[in-house]
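Okay, structure first, notes after.
Labels A, B, C, D, E and F are assigned to the chains in the order they are written; within every chain, residues are numbered from 1.
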């Protein structure tokens, strides 16, 4: 009994002394740790991609709490994250409603399409190659194709095709913009996700010169400019450029481009459908730039699906909400996540 | 006397290095040996805690456990209790007194509780019948040995970043192999000091 | 405050219970542990003194000596522990000695941490058996009158040295030829 | 039930403490010179881990977070000492081989890892399942290491001569052998894990 | 004008013409000197050993690379050097299968697990030797005497165990027991001088290594000439410590490397359990090399020391 | 004792191709392409339109910024295009294309200025700027800017860089042999403009005739000395030169003026002398056309803007299969992919190497032989920098002083594993600078 008693007592004593010590210490040496840092950190995506310019997500969390970074500094997390952060920080989330942007490759001059001007040897990096006589491609604006963008993407959203061009997985791309900064040829741009039509050439040389070095280059023929019903595309500096705010994905320009420089997946083109809510006000027919809608007044109107260009103006204009835009084909569903 | 102390140091740093030949403290050895800077920080923090533990263990053993005949069964519990509390205490104190020091190695302190070197040193001191000075030196030596192992490994691992290690061996596997080779090299010190 | 009080109370209670539980376990297992140790000691002693069936311990001049006897109570020899400094740590040896004949009756390695496969082979009979019937006046020099384990000279040297030096003490208490 | 099975098997492979999480390796290196050591150490750890998990899971709501670690560690230390005393009393030869590594179960990172990371958050049943899985996962892993080292180092398997003198590589019984075998086994496990991942991946 | 498609590269556009192969085969050539001495003293058995380890090393390297699906680069000659050096570090009478194990370990654990040429932290040949030393201590310390082939002890062993020195001329020429390639200091020095002349090894490491051993010997009251000429010191200092892959890159680092190797060699020789400490010392300094590199970054041109 | 620095290499110099060939004047080109940027700093704005007629020496590009230099027409004729054209430095640069009228008329405004003795320092600097003189040693830094340091940076020494350490090139060598008076006159102008009393003309000892010629000219001139340098690459590198001649070290990230020195190329001095004597701005320069792939290697006095193809034609065209065409020397020159690029103010040479001479052998892993470390004249660790660059560890590369690399190419030249170290470091520098600008 004796032994049990002693040991119980000494353990209790030890526990008391050390417990007391800990309590004393924790009172005396208590340090204010801003708990918001941890909460902000939890709200961030945790990809540690560094696109925000801070050392990892924890660096940004600290900076946000200290007021050194805006609440929407994380492009990857997008508006949902910045809203969460805003609520933790107790401020309202301004300007968080911006459209999501993703990266797109604006060049089609792969190994097959673009001519080489020299036999480049050396470090297999786009930037390194671009420092040697501007890169091996005949077109000084072309993608070099060594995949610096692929390497830098923290989300594995980029793969290099066999043709030597980067392919961006729209689902994986978070719009962090690291690839845009990395590309020495400015071939990648961040564009609104909803835009489907892109001029995939940036060569500002004369059309003839461009054609000499690349089969997919913009030859500045201006046909797209004429075809666009919305004044959204113009040839500036020998190359067509889309005003993404004006473009409605009608794909007219894509149809006319002789060099296939402008691209879009036709499968993505939407068509208008008019349902029974239609009262036959004819507003849609008047507004349709393609004259695809016909119908008599006060009768249900019909869309000529073959002519409809999918711009969605009718949908916007219809006072009764009788028009819906639907995709003609299904979005290519072959990704593995 | 001095000679004995010297042998204790050499013994625990080189001949019977705690990591390479006594197999102690392997988890933190694996965990924080990827960067030399953190390795140095961890090594210093551990050495500090080890020294304090060695002293504490000496006192508890000789002034509580032995006098009351509790040593055979309360040793582990009381030592570990002391270590855990000590580590937590040190952490709090360092954080308060010198945030710079805390940033340098405070983050490693919580890891040290579960570093088995610490308890092992506490348990070995009574076993080896060390006096107070010897105990302290033993603690320091153990810490230095651990630090040396960490620094060597971290240097090699920093270089490994540029190496084309086979995929399957990346991570802990190559670290173990390297540790094996280091352990092999440390056997060269075998027989250096009378133990 | 409440929170701090709770910290202390919980810690104390847990330590207290742990103390009690351990003390209890100790009480239960201790006799068995002691018995085991005793048994191990006895086994070792009997092994190095051929013919002995039981032993008694005597303290003489600061040394603990075990006297081995057969069932009739005839003294068969003396055993004692000695420690040598081996290649990688102490080597504990039990030595059996018969003063009447001035010879060793056998040795047993109790504990050691020599290299397995090398120094550790001093545990094997091939090494230990040579000490049986060895005269205490021998030199105990490895490679001379002590066969060594191949590839490891240090461990056998440690054993030999330890035996030789403690024999010097023991023969002062129980000189060769004398009785015990 | 399926949850329990999942918790149990988790430790056996997915998060196997030795080969996958690579934690609690000191003992796995130190005592694995012979097959039976592996088994004994594995069982001892399983016992401590399970008992501690039970207690931690039961006590999780009472213990204030600030003294969490000291409390858990006392619980663990208590069970460890019990194992220690028990082995000393009933298996003295084994005790001698394992030496200091039985007491060191206290600081075996696996135990605190599971106490902190699992038992302190999960129900009793799940904690037990997890502890058993982890314990046995540890046990089979170190037994495997022991077998490799014993066969290569001594040419025996559980003490029975299988290789004759062909594999009498002293190094395998020494520290470097432990690390090397460990490294190579972890590499092999990585390879196996990767293969199985590849097979279940979509194309 | 004709149309060519020109090659473009970054500057410089010319090259010194040095190559890894050239360096390795020159080292292999220099190693022939001590090898020939070994064969002269220990007979064809020694030649067999050299061929065995070299073949085993090359084959292991090829097998490993094949297994990993990497290009097979055994022609760069580094495995050949490793193989020869391993043989030069073994007792001439070692069973051949053990030599094969040593070569396989040297190349696999010492080199290929780290990714191959240039990436190994430790000297592969020495890894092989130390592995054998610890696995098969008996066979690895069974020395045969030159010419008559009886077993005997090396000069260092005799020194350590019995305190007996050996005749300098014998040590210098190599008529002594010991590893295959370490006996003839003369041939090693000739080979080393050739490499120094060609610029394939750096003078700092051998100089500081040998110098440290000599100075410490004098200070500790030993015979420096004996210490320099016996054991694997010469071979180690000229051919193994100088392995560029595993030694520091800065000049200061190289001096520290030599110094450290010297100190450890002396410690192990004079106070340790082994009669010889060259392998361990070099390997240990290999382990220190990354740390040395880190802390001996040269002061760059125009750098103002701020710290 | 020859003056030198630590590090560096001894490549085969191959100067015998042109070393003894006196400078020939090239024939008047039919057409010149004059880029608006031939210097470090802001490009010029073209001040002529398509269809304009211009004359030799007429300004066609105006320099607006401080760090910039105007450009002038090098022949008389008609402007046929003002548009982006490939530049030998890589990329596209707005260029003025002039079709020759074959008359080579000199612009009316060109008049010899006052003599050097009468000019004030400011007038000298203005003359240098208006003459469009930029460094002819390679980088093309506007010379006038160099001569106008901020007041707190005092200058006490001018060094004329006549090292010409690049293999193959002999343009500066021939210049010093044939026109030593011009070099010295230019130097005197610089000394006067900056008020410096001490000057060295630094020449490698492998050009004894140049040393002799210069020595003849400076005999009796106060404060001007010839510094004989050991023959070693990159002896002509500004930092190495300053170190060899004065023992000073330009601080990391600093400029020569931080150690009170100005370095100017011998060609730059001669160009200044030209402007002083005739008032003609920089419209021509000496270029060494050489290499194993050239039929008749020569030193040519060419008009700025002459296309490479014309220059090479005058040297007999290619010999064998041309593998590489390089503007500048083999160590630092820029490989070209097309022959229609023009020679610019900094074109010290056009080097053509035969295909068999440029065959590249396979790259192997670094064996840490440290040859690169020993060769680097800046005492960097090229191998470490190369590895960091390969892994994209730019921040670490900056810590290892990547930005101090002068891109001399010594490391890549010696590397037995054939690692393109210089290119890797250049890549790292580019990254670091890009991230700084952000």
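The rule is short, and it goes like this: contacts are C-beta pairs under 8 Å (C-beta built on N, C-alpha and C of every residue); 3 or more make two chains touch, one makes a residue touch a chain.
Treat the numbers as computed from the prediction; the structure is a model and nothing was measured.
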item: Chain labels contacting subunit E and also subunit F; value: A, B
item: Of all other chains, the one whose Cα centre sits farthest from subunit D; value: F
item: Identity of the chain that, by mean CA position, is farthest from subunit B; value: F
item: Subunit A and subunit C, separation of their C-alpha mean positions in angstrom; value: 78
item: Interchain centroid distance [CA atoms averaged], subunit A/subunit F, Å; value: 45
item: Distance between the centres, which are taken as Cα means, of subunit E and subunit A, whole angstrom; value: 56
item: Distance between the centres, which are taken as Cα means, of subunit D and subunit C, whole angstrom; value: 33
item: Residues of subunit A engaged with two or more neighbouring chains; value: 3, 6-7, 10-11, 14-15, 18-19, 22, 26, 117-118, 121-123, 128, 131-133, 136
item: Set of subunit B residues in contact with two or more other chains; value: 70, 72-74, 77, 81, 85, 88, 162, 164, 166, 169, 174, 177-178, 180-181, 184, 186-187, 190-191
item: Shared-contact residues (touching 2 or more other chains) in subunit F; value: 334-337, 360, 365, 390, 420, 423, 426
item: Chain contact topology (line, ring, star, complete or other); value: other
item: Touching pairs - complete list by chain label; value: A-B, A-C, A-D, A-E, A-F, B-C, B-D, B-E, B-F, C-D, C-E, D-E, E-F
item: Touching residues (chain side subunit C, partner subunit E) in the complex; value: 87, 118, 150-154
item: Subunit C contact footprint on subunit B (complex, rising order); value: 16, 70, 72-74, 77, 81, 190-191, 194-195
item: Residues of subunit A defined as touching subunit D within the complex; value: 18-19, 22, 26, 336
item: Subunit F residues touching subunit B - in the complex, by the definition given at the top; value: 365, 387, 390-391
item: Residues of subunit A that touch subunit C when the two form their complex; value: 3-4, 6-12, 14-16, 18-20, 22-23, 26-27
